[in-house]
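Same chain, two partners: chain A is paired with chain B first, then with chain C.
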Partner chain A sequence: MTDRKAETLGAILRKNGVSRRGFLKFCTTTASLMALPPSWVPTLALALEQARRPSVIWLSFQECTGCTESLTRSHSPSLESLIFDYISLDYHHTLQVASGTAAEAAREQAMHENAGKYLLVVDGSIPLGNPGYSTIAGISNLQMLKETAKGAAAIVAVGNCAAFGGLPKANPNPTGAVSVSDIITDKPIINVSGCPPIPVVITGVLAHYLTFGKLPELDQYNRPKVFFGTSIHDRCYRRPFYDKGLFASTFDDEGAKKGWCLYKLGCKGPMTYNACATAKWNQGTSWPVESGHGCLGCSEPDFWDAGGFYNALSIPIGDVSRNTAYAGAAGLVLGAAAAGLNRKTKAEAVRNHGKVSIDDLEKPS
Partner chain B sequence: MIEPMDFLLWVRGSLFDVAVTVFVIGIIIRFFEILSLGRSKDLAEAKGTEFVPGIKTIITRTLPEQGTFKRQPLTIIAGYVFHVGLLVSLVLFIPHIELFRQTFGFGWPGLPNPIVDAAAVLGIVGLLAALWNRITNPVMKILTDNEDYLVWVLTFLPMITGYLAYHRMVNPYPLILGLHILSIELLMVFFPFTKLMHTFTLFLARWYNGAMSGRRGVES
Partner chain C sequence: MSILDNIPVHIPSSVSTADRAYNTLPLLHEIRHALERLSREGESTILDLRAIPFPPGDEQRLLDYLGTGEVEAQLHALGNSLIRETRYSGVWVVEHKNGDDERVALQIEITSVPAILRAQPEDIEEGLNRLTASLSADVKEDLV
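Here is the complex of A and B:
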């Protein structure tokens, strides 16, 4: 174990039959994804070759394992997943063989041996409502996170749940779920949001960390700018249709068949920052908008509570129709009351109406 | 600090509900108030009819009047340019139509975005010209009070933020979209209690002017 850790990534890849060509191809893809100029590829390759496998501890809290699925399944077997293999994943309770006490022992050992140096990856949110809502080996999520974060060099919050609270935090948030950054404030945290995040974005972040020894530049939500710097809408190939005002109104109308913009069908692409339009999914096969479904906004905080998935972004979250009807009814009642008061005033005026004749006016006062 | 996405969720959520409630209740009460106002009965003998002059005035006051046009061309031109630009961008922009469709259950066809965009620019230019006219023209300046400046700002904000949002000129987008929606909510809240009400009462007012004049046998 320790031996393998001392080996460089390049040596390990060669041992596993990864060709230099394949490796450089991976470096080129990663460099372009990270928006590095092509001249950086050799630097990236060199740095990656010489990188030593950092110890990674992966904690899963209130999550659906979709993030792990995204990372391990969809790109396998690819160079991305190889790179992932060749970090030293010392604890991941879904993927590891050991369980129970042995598993926890592995975590503690990794924490101890690599104190101050290991990367902590978290998926899932942390329940504050009652520690019993989610425990691992009898340890509450909150306690495990605090313990493990202490010796970490940096934390990568993978997925919307770890980054922003995600589905567990959606209204009414029964477990009192919070994100990693709501609890840990004294460590560098990088949010790789998405439900799930794009696999290549996760590996890209890890590659960046291996290459430069530090975290990439982050946006206001602590997301790496290289992947989350532009909106879906700005990179969407259906954008010309949006600009021309050509929209699909149902999922099977003429517009849908012609590949027009999905705004009316609820696409949240304009408010969503992610790399789907360029990185795509399933080994570059497609991405939601390309397959005909609007963007859900899954890399944004609280996207579950941002109104119906099939409502256009311009439609308010509440029930406007109902509110308008209620307000209308209230207005009618209040208006009728006001009219009633006016009627009374009018009736009084009529009662008090006095007649004046010319003679009255000519009378000296 | 409030995050742009929280802000967007807030203005699209509870704040919109509040604004719609104030807007709808306010408008209905204003209408009741106007219609049940109870003018005292006109006991004088009628010297003409009400209906035809009422209709006629609705039309004549909608078209530019010769004399005013000669004396104050800017008032008329800026007024028309602004109102047409505003109406087109308000009711023929597809995201806006989707909101109406959601509220009332029906919609109508919109215009391609570049046309709406051009209309919005006209609207903004018209509004700026109208402000310029109010400030530089001595007569207009005297006629303008604080409420006029208030409704000018309330109308200008949605147009300029809408323009910035459509062209995605502010980053992150949720911030500018949120500001656009917030500015409309401000407009909706002030609407029933300011002269913005003319949007709904203009034809009623024109009819009333015409009909009253007709009854008295004078031209309006």
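Here is the complex of A and C:
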């Protein structure tokens, strides 16, 4: 039996009856996917022709599976072609059929057979507060990350949780959640942030690694510049309205109906770097600003604690530290913004949302 | 009469477009400049529309403006692709779809013939080998 990992991508496609013309189409769409200029297609064709499918191990820690959901919605390339043509996805406990001991054996086998060469993809943050907060097959997230990272050629932290801590890290960070780069410091790490990241950005980064065998150019947060190089604001089709001072003040006023800028409604586009304005969502159908809602800034560090989704960026976010302290003292996980509205709300919140610890959950009812 | 008809919802017949800023016009100027380069210097240009931030309806406005010309070709490789010349000769719209008929790339090519339409040397060689093999004695017997 031929080892498909040893075969080049060009050989695999030819074996599947794909013509050279079909291969050039493949290269054209891949260049578009990676945000490369069309003039790069011949270079890309040369690189892809020789590329070999890397082994990929995907670990999911404290996450909501939204990042995997996003990946499965990728249409260019589709998840199927990604798995069968681009990469060898050897472990992903949500997508794979095997579970428990068999799944862990697959991970260990992939690590052993591809030592020093496999690509490690991580979604979810890692709890440092108590290893019991998140485990897989009895192995703590911290232990699994450390042992799997050891033999990885590079790590891709997918989603805001893996890249920056994300929602689990939001104040008051009850699990002590941290990002991958807070733990692993001796491997190249690329952050593909977003909550979730755009599907084609995830696959685009994997395709880039496959094609060129190295990570793309990164920004100060270790995000690929091709996708995170410009702000949402700079690529927004509503930007001309901002420049003219034309804003929607409510979600149903005349300005909103005319498609004016959503800055006053809390749009975080000016401080958010992502590719939503051009890549869009749901197979290129639309994106938040096009649907009439401001950007939440979900690809930026600590966006959950940035002072309210509906506050304009120019409005001070208030004494967050005091509110946070109150929330912590009251044992609320709802966060500072909700708790700090007024005394009545606070009192009701305290009554309705008592703190629940692991010990409480384990008590017999 | 449906009970829903009692809900007082006002749906405007059309949103005013007077204040909207479109990318159609600047793109058309870019295409004109590229067509001029093709005409004077023979230089081809490809515009990848995935990289353009389009407001709702803008992409369709651009494609409607460019219209349909004399040539239309379909490519059946890794899904369908439609390559059509616009009413401005030398300006082509190339739309690639995947096996699920979902669009994976949309480009405007300003060139005499889009490269994807040309037969590739590897495919020509492969076709030659197949034709040579098929013209074996057995096949010839079938034909005569």
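One rule holds in what follows: the second predicted complex is superposed on the first by the 280 of 365 C-alpha atoms of A that agree within 3 Å, B and C clash if a C-alpha of one lies under 4 Å from a C-alpha of the other, contacts with A are read in each partner's own complex, and residues count from 1 in each chain.
Throughout what follows, a contact is a pair of C-beta atoms (placed from the backbone, for glycine too) under 8 Å apart; a residue touches a chain by one contact, two chains touch by 3 or more.
Everything quoted here is computed from the prediction, not taken from an experiment.
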Touched partner set for A:18, first chain B, second chain C, both or neither: second
Which superposed partner A:247 touches (first chain B, second chain C, both, neither): first
Which of chain B and chain C A:231 touches, first, second, both or neither: first
Which of chain B and chain C A:58 touches, first, second, both or neither: neither
Partner with the higher number of touched chain A residues, chain C or chain B: B
Which of chain B and chain C A:304 touches, first, second, both or neither: neither
Residues of chain A contacting chain B in one complex and chain C in the other: 246
Complex contacts: residues of chain A adjacent to chain C: 18-22, 24-26, 28-29, 31-33, 35, 37-39, 75-78, 235-238, 240-241, 246, 257-260, 277-279, 283-284, 286, 290
Complex contact set, residues of chain C against chain A: 12, 15-16, 19-21, 23, 46-48, 50-56, 58, 75, 77-78, 81, 96, 98-100, 102-105, 107, 115-116, 119-123, 126
Residues of chain A touching chain B in the complex: 220-221, 231, 233-234, 242-247, 263-264, 270-271, 273, 300-302, 305-307, 311-318, 320-321, 323-324, 326-328, 330-332, 334-336, 338-339, 342-343, 345-346, 349-350
Touching residues (chain side chain B, partner chain A) in the complex: 3-6, 8-9, 12-14, 16-17, 20-21, 23-29, 31-33, 35-38, 40-41, 94-96, 98-99, 102-105, 110-116, 168, 172-174, 177, 181
